[in-house]
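Take a look at the structure set out below.
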Amino acid sequence: MAKNYVRLDKDNAAVLLVDHQTGLLSLVRDIDPDKFKNNVLALAAAAKYFNLPTILTTSFEQGPNGPLVPELKEMFPDAPYIARPGQINAWDNEDFVKAVKATGKKQLIIAGVVTEVCVAFPTLSALAEDFDVFVITDASGTFNHLTRDSAWDRMSSAGAQLMTWFGAACELHRDWRNDVEGLGALFGNHIPDYRNLINSYNQNNNQ
Amino acid sequence: MAKNYVRLDKDNAAVLLVDHQTGLLSLVRDIDPDKFKNNVLALAAAAKYFNLPTILTTSFEQGPNGPLVPELKEMFPDAPYIARPGQINAWDNEDFVKAVKATGKKQLIIAGVVTEVCVAFPTLSALAEDFDVFVITDASGTFNHLTRDSAWDRMSSAGAQLMTWFGAACELHRDWRNDVEGLGALFGNHIPDYRNLINSYNQNNNQ
Amino acid sequence: MAKNYVRLDKDNAAVLLVDHQTGLLSLVRDIDPDKFKNNVLALAAAAKYFNLPTILTTSFEQGPNGPLVPELKEMFPDAPYIARPGQINAWDNEDFVKAVKATGKKQLIIAGVVTEVCVAFPTLSALAEDFDVFVITDASGTFNHLTRDSAWDRMSSAGAQLMTWFGAACELHRDWRNDVEGLGALFGNHIPDYRNLINSYNQNNNQ
Amino acid sequence: MAKNYVRLDKDNAAVLLVDHQTGLLSLVRDIDPDKFKNNVLALAAAAKYFNLPTILTTSFEQGPNGPLVPELKEMFPDAPYIARPGQINAWDNEDFVKAVKATGKKQLIIAGVVTEVCVAFPTLSALAEDFDVFVITDASGTFNHLTRDSAWDRMSSAGAQLMTWFGAACELHRDWRNDVEGLGALFGNHIPDYRNLINSYNQNNNQ
Amino acid sequence: MAKNYVRLDKDNAAVLLVDHQTGLLSLVRDIDPDKFKNNVLALAAAAKYFNLPTILTTSFEQGPNGPLVPELKEMFPDAPYIARPGQINAWDNEDFVKAVKATGKKQLIIAGVVTEVCVAFPTLSALAEDFDVFVITDASGTFNHLTRDSAWDRMSSAGAQLMTWFGAACELHRDWRNDVEGLGALFGNHIPDYRNLINSYNQNNNQ
Amino acid sequence: MAKNYVRLDKDNAAVLLVDHQTGLLSLVRDIDPDKFKNNVLALAAAAKYFNLPTILTTSFEQGPNGPLVPELKEMFPDAPYIARPGQINAWDNEDFVKAVKATGKKQLIIAGVVTEVCVAFPTLSALAEDFDVFVITDASGTFNHLTRDSAWDRMSSAGAQLMTWFGAACELHRDWRNDVEGLGALFGNHIPDYRNLINSYNQNNNQ
Amino acid sequence: MAKNYVRLDKDNAAVLLVDHQTGLLSLVRDIDPDKFKNNVLALAAAAKYFNLPTILTTSFEQGPNGPLVPELKEMFPDAPYIARPGQINAWDNEDFVKAVKATGKKQLIIAGVVTEVCVAFPTLSALAEDFDVFVITDASGTFNHLTRDSAWDRMSSAGAQLMTWFGAACELHRDWRNDVEGLGALFGNHIPDYRNLINSYNQNNNQ
Amino acid sequence: MAKNYVRLDKDNAAVLLVDHQTGLLSLVRDIDPDKFKNNVLALAAAAKYFNLPTILTTSFEQGPNGPLVPELKEMFPDAPYIARPGQINAWDNEDFVKAVKATGKKQLIIAGVVTEVCVAFPTLSALAEDFDVFVITDASGTFNHLTRDSAWDRMSSAGAQLMTWFGAACELHRDWRNDVEGLGALFGNHIPDYRNLINSYNQNNNQ
């Protein structure tokens, strides 16, 4: 019984960044802050690089949850930005769902804070409406490993695919020859080990 | 093939707290005692906050297993309280099942000690009778990680959904606007990081 | 869609102890030796306590793999003992399968060393012949966590249920009133924390 | 060569709580938030219980560092409270040192956030002025284990003694008979396992 | 409902080694380098030992990714070697797929670097074409545990079987009597603990 | 500058077992219960084997702390047994110190629960009276690693030597030829891996 | 006996960055790459911020060790740069020692790759010449924790002080009032949690 | 107060390999077997490379402890080989001490199994006779981390220096120019990451 390979396609994918807010980030303890910041910015950079429609949303940003991290706002000045007045599940917000559907894309790449709420709820809602959902696990954070494992199990059981930003970028790009420089820059900026490889390589080739 | 989103609904959910007894708690070593105590009390507080019918049950509380932790007894003075005379699986106790069915709810939120027995057994029994079961993993404890992982796998394979108290509370609440104060208090009382956010926010806004 | 609860039944279960040999045990590094020894002996004690038909098998016991641990041999002097001449999967040995089928039981409780081979192979074979298989994960050991996780995933995906010795004993016993003393002794002998609870309780009640 | 035992003495000890502020607490990642909150409050409760002179100090509490956690303020309404205008090492603040010296105590019990700065700097300064310094390691938090280990090594090499709140309370109390109830309450309030022991004991004795 | 046991068969299996390149290996941090090197060479040695058709492929080996590790090249001098000009998913390379299909085997044993890309992508593609895929998890490496767990979940959900090199070798061999010496040598060369068992055994038997 | 080797000497050593009580043991979470029980019994067995004067003491054994674990009482029926009426530091109890000094030994081997109190306090007191103190770290337990590390640092800085039961037994025995059987039995009973080595060896030699 | 507090002084400190080369960085596995890169750049930024004389050195940079990471070269275009022709201990290179002594500073802040060699050797050499050495542990990396712990023990025993970049920056700055903006920027750029605090604070204060 | 740098000197160092026997190796669980085997062989290779006098010794090699690992015997066919008839501390064996003193070296490099006995005992004895002792921590193994930490603390407190094989090799070599090829080969054979760097470098330079 062959299984269909549901493969990310840059012409059919949109990115949803949910509640990466300065206050909520202090709750994230399943990933180290340096690494988490890097992962979120790497996903955002990939979204830009592949020109994927991107939607930003926040929850209660005037209160303790804090504002969206400024870097994201700056990277997507023209993206739909839905500051939800109260809905915890972004999918309960009509503007958000409208913005998602306006992209016309069937594949949703989701990341957010915290995983079991801000990511899992819209993931489950979107799956129920027949979207393909790709959760970017390393750009989604929560309180601890127990919580993360529970959330992953719930989302995976419901049909979501768990990926990381690097895997998603590779699947979207398909072939290095589409743009060696661009993809190399994306990786060099966000993977210190890869940058080191490039720098070692360049020195050797310039001798 | 769209997957139905089985979503917690405060009008259709009951809470089952199974065997949180002072002796049995000394067996719990997959979660730190400070955190575990907090998680159990947070789940109980959420049950109260959302007015969910709640059922308490214990196993052999006159013996080494010890009495129910007093805080739970105090929080639910009027809840059905089934001191099981011997049945290990609470679902084998008729009074317990009757109490569950008397709530008229289809969604069962379960937590207990120890996970692979006191939680898993009634979970599997309830699933077999077509209930939707939501296991609160961080308010359920057991001997070690190996045991926990085995129990989770068995319950998840049988159709249970793994959640934590915070995720359950958020899914039950749906929208902050239903009661900002109340939910904020629940979180502030049980999530130190969230309390800090609130306190920082309040100071800034009172300057 | 209700899920049937495949529940251990002491009248319908047999125990298969596969390759707990003195040499092979030195390969086990995913569980500490003190704990692993205790788990294996606890499972054996439970098998005896519930009078479950038990089958012992070894692989190449005259060579480096070493003899069966003597404690197991002593506990089950009359059990079928299949020293396999070469088959790695015990299910490839006709005598072994005959012995299993001779028990007339439909539920197989399996543990062994190493998990991904001596446990997983007969597990997958037995599932293919429509047995219900319960893998006792904490009485099965292997090289490291990566290997264990892979083996669990393979067995669980094929329909095996992952349990630990304590969960299995509880599910087999059903009700403390069937024999409080006996079950208490089993737990007291193999769970130091439970023994402490009993000893504290006894002192208090003898004051 | 006998070593003098520098032993905490409740008549000769003062407590310094340094920079437990709501913002800075979000930096603490070497101890889980539930446990850390409990440890800090337990140390404070011990300070009150033994009537030790206690000094509170904060750094820049009007800015991002946030206010002192309100619980501490409430527990010590009359304690010297030094809101430092800029000095990172509390010992560089004259009012703080004056307050310390005004206690007339030779033994200083210190805890704070973050360990390698707010705790280590005044510790090293106090040791240089011949105080005996007892660092309460579990009520002091910082970014990660690497940082903690470095800070401990520096303080220990300089002569500080590393203790936890429970050890300090025991050393201060000396003999349960000085007040069984009081010490039991302190432990019961802050050690869930100990509370369970008491509750099990009480039930058994009230049968 | 019996589950078919999809069992490795040495007459029906091919091995795909994907992108074990000297540069890419510096990205692998979920397995220690000593162990990972050993696992990869053990899998290669098993492939040779069982005479399984083996296919090598690399990505951009003239650039920072670096050349294939020389040991693999030397072990399989005549194997199809596909230096992909740009395709990230090896299955997107026609020569690679042709080479796979030319083996006439239905079972594919895959390992590579990094797991979520170089392993997962061809795994999902091959499953979609009805191959049985066995991922050798301990000869596949990636950035960290979070990434690995995500990749395993995605592949397992799609129907891949997760195995390690030792389990695969055992399942391929079936019976020690097919060649005791050969299998013993394979294990002795790549499992230090097993080599120790053999050496202890030999000494005792030569006394 | 040569350092004197302060070496355990079976003619000059006494063993102090402090507060291994059934209630207090539930507080121990830095060592797994199976392993910890084994370590304590192994140390006791070594004390008996080497005929070292051994002193037992407990704190408040009629209350929640619970009675001494019965195994220890049974192993040392004639040992001085000091049930302390309230002193937390055993060295503050005159009978205890008298019993220690009555042994006439200069080297004290100490273990107990919890490490930073029941072990550290008498250790520091004994060092101050010029005893050589050997803390058996693996037969001493406490709340968590942070607490253990702090306690070890304090004791080591004061001059205590940190050893484990196995190291102590080896240093006391000096030469296998003093009694091969006896030491082998001690190790075989308490080190599963060593028992396996013996059993493998015996089989090979009996072929 | 008071201990002198050897305190970092920005007028008396120099920074030595040893062998942060693109090839050698692939050997560092005791700190995650994202975090390590950040720590090294943070130390460098602190060195610049406090105008500390800084010396760069590399080992064999034309070979496999690779070039100095370009960011460091760019940050310190005018710093002494000693490309050592072969000496493993930088202190064995006369130019390096001359450069160090030319700074006229008595306090040396050292970091490098790998810890037990490139950091430990010059640390021990400098201590032997009476310098005060402050090892920046989180900007120094090596193969694994075992190696790190050994190296730290050797350096600490020889008198080196173990600090992290944040602690060093705080000790150098002394008082926030010397420059609130500058220090805040340094922290905001290299501590994501601190940046979040600042951003939350700013939003609240701009409402 | 300057500290003398006790620096390894290849003209003044001898290597002692204590009890690396096939049976005892199964007790080592603080280091993974693949890595431990590599570390021991790397140390041996370094001893050969620097022509350091090397002494082998075993304990009871005809019994369960098993023979010396054959690789070591083969690497040092002419080294003094002391099969101790019973002494646990090798330094209690006159032949061993004679062999050590016959080397005329003042610096002893020690490794063995298990750390707290076979390494620590001769280390403490040698320190007492004024040797400089360098313990190679990564070529010495034992039961678990707790035991290792205790043993390291005891040896370090007595004046031993903790090093790893790589650090020792670097300190012995002093300057790459003494033999670039030789040292590179030693590292390439025992550090997979370093071998990868070399292979990447070579490819680039051969293009």
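Points to keep in mind about this one:
Note that the chains are named A, B, C, D, E, F, G and H in the order they appear, and that numbering of residues resets to 1 at the start of each chain.
One rule holds in what follows: a residue touches a chain if its C-beta (ideal position, glycine included) is under 8 Å from a C-beta of that chain, and two chains touch if they have at least 3 such contacts.
Composition by chain, UniProt nomenclature: A, B, C, D, E, F, G, H = Isochorismatase-like domain-containing protein.
Note that the coordinates shown come from a computational prediction; the quantities given were computed from them, not determined experimentally.
Ranked by separation of Cα centres from chain A, the top chain is F. At the interface between chain E and chain H, two copies of one sequence, more than half of the residue numbers in use appear on both sides, so the contact is built from largely the same positions. Here the CA centre of chain D is 31 Å from the CA centre of chain F. Chain centres here are Cα means. That of chain A falls 43 Å from that of chain C.
Contacts with at least two other chains are made by residues 23, 26, 32-33, 66, 191, 193, 196-197, 200-201, 207 of chain B. Contact residues of chain E toward chain A in the complex are 23, 26-27, 59-60, 63-66, 85-89, 92, 114, 116-117, 120-121, 124-125, 127-130, 143, 146-147, 149-151, 153-154, 157-159.
Of all residues in chain F, those touching chain C in their complex are 22-23, 25-26, 32-38, 61-62, 66-67, 69-70, 191-193, 195-197, 199-200, 203, 207. Per the touch definition, chain H reaches chain A in the complex via residues 197, 200-201, 204-205, 207. Here chain D touches chain F in the complex through residues 1-5, 7, 31, 137-138, 152, 156, 161-164, 166-167, 170-171, 173-178, 180, 184, 191, 193-194, 196-198, 200-201, going by the rule given at the top.
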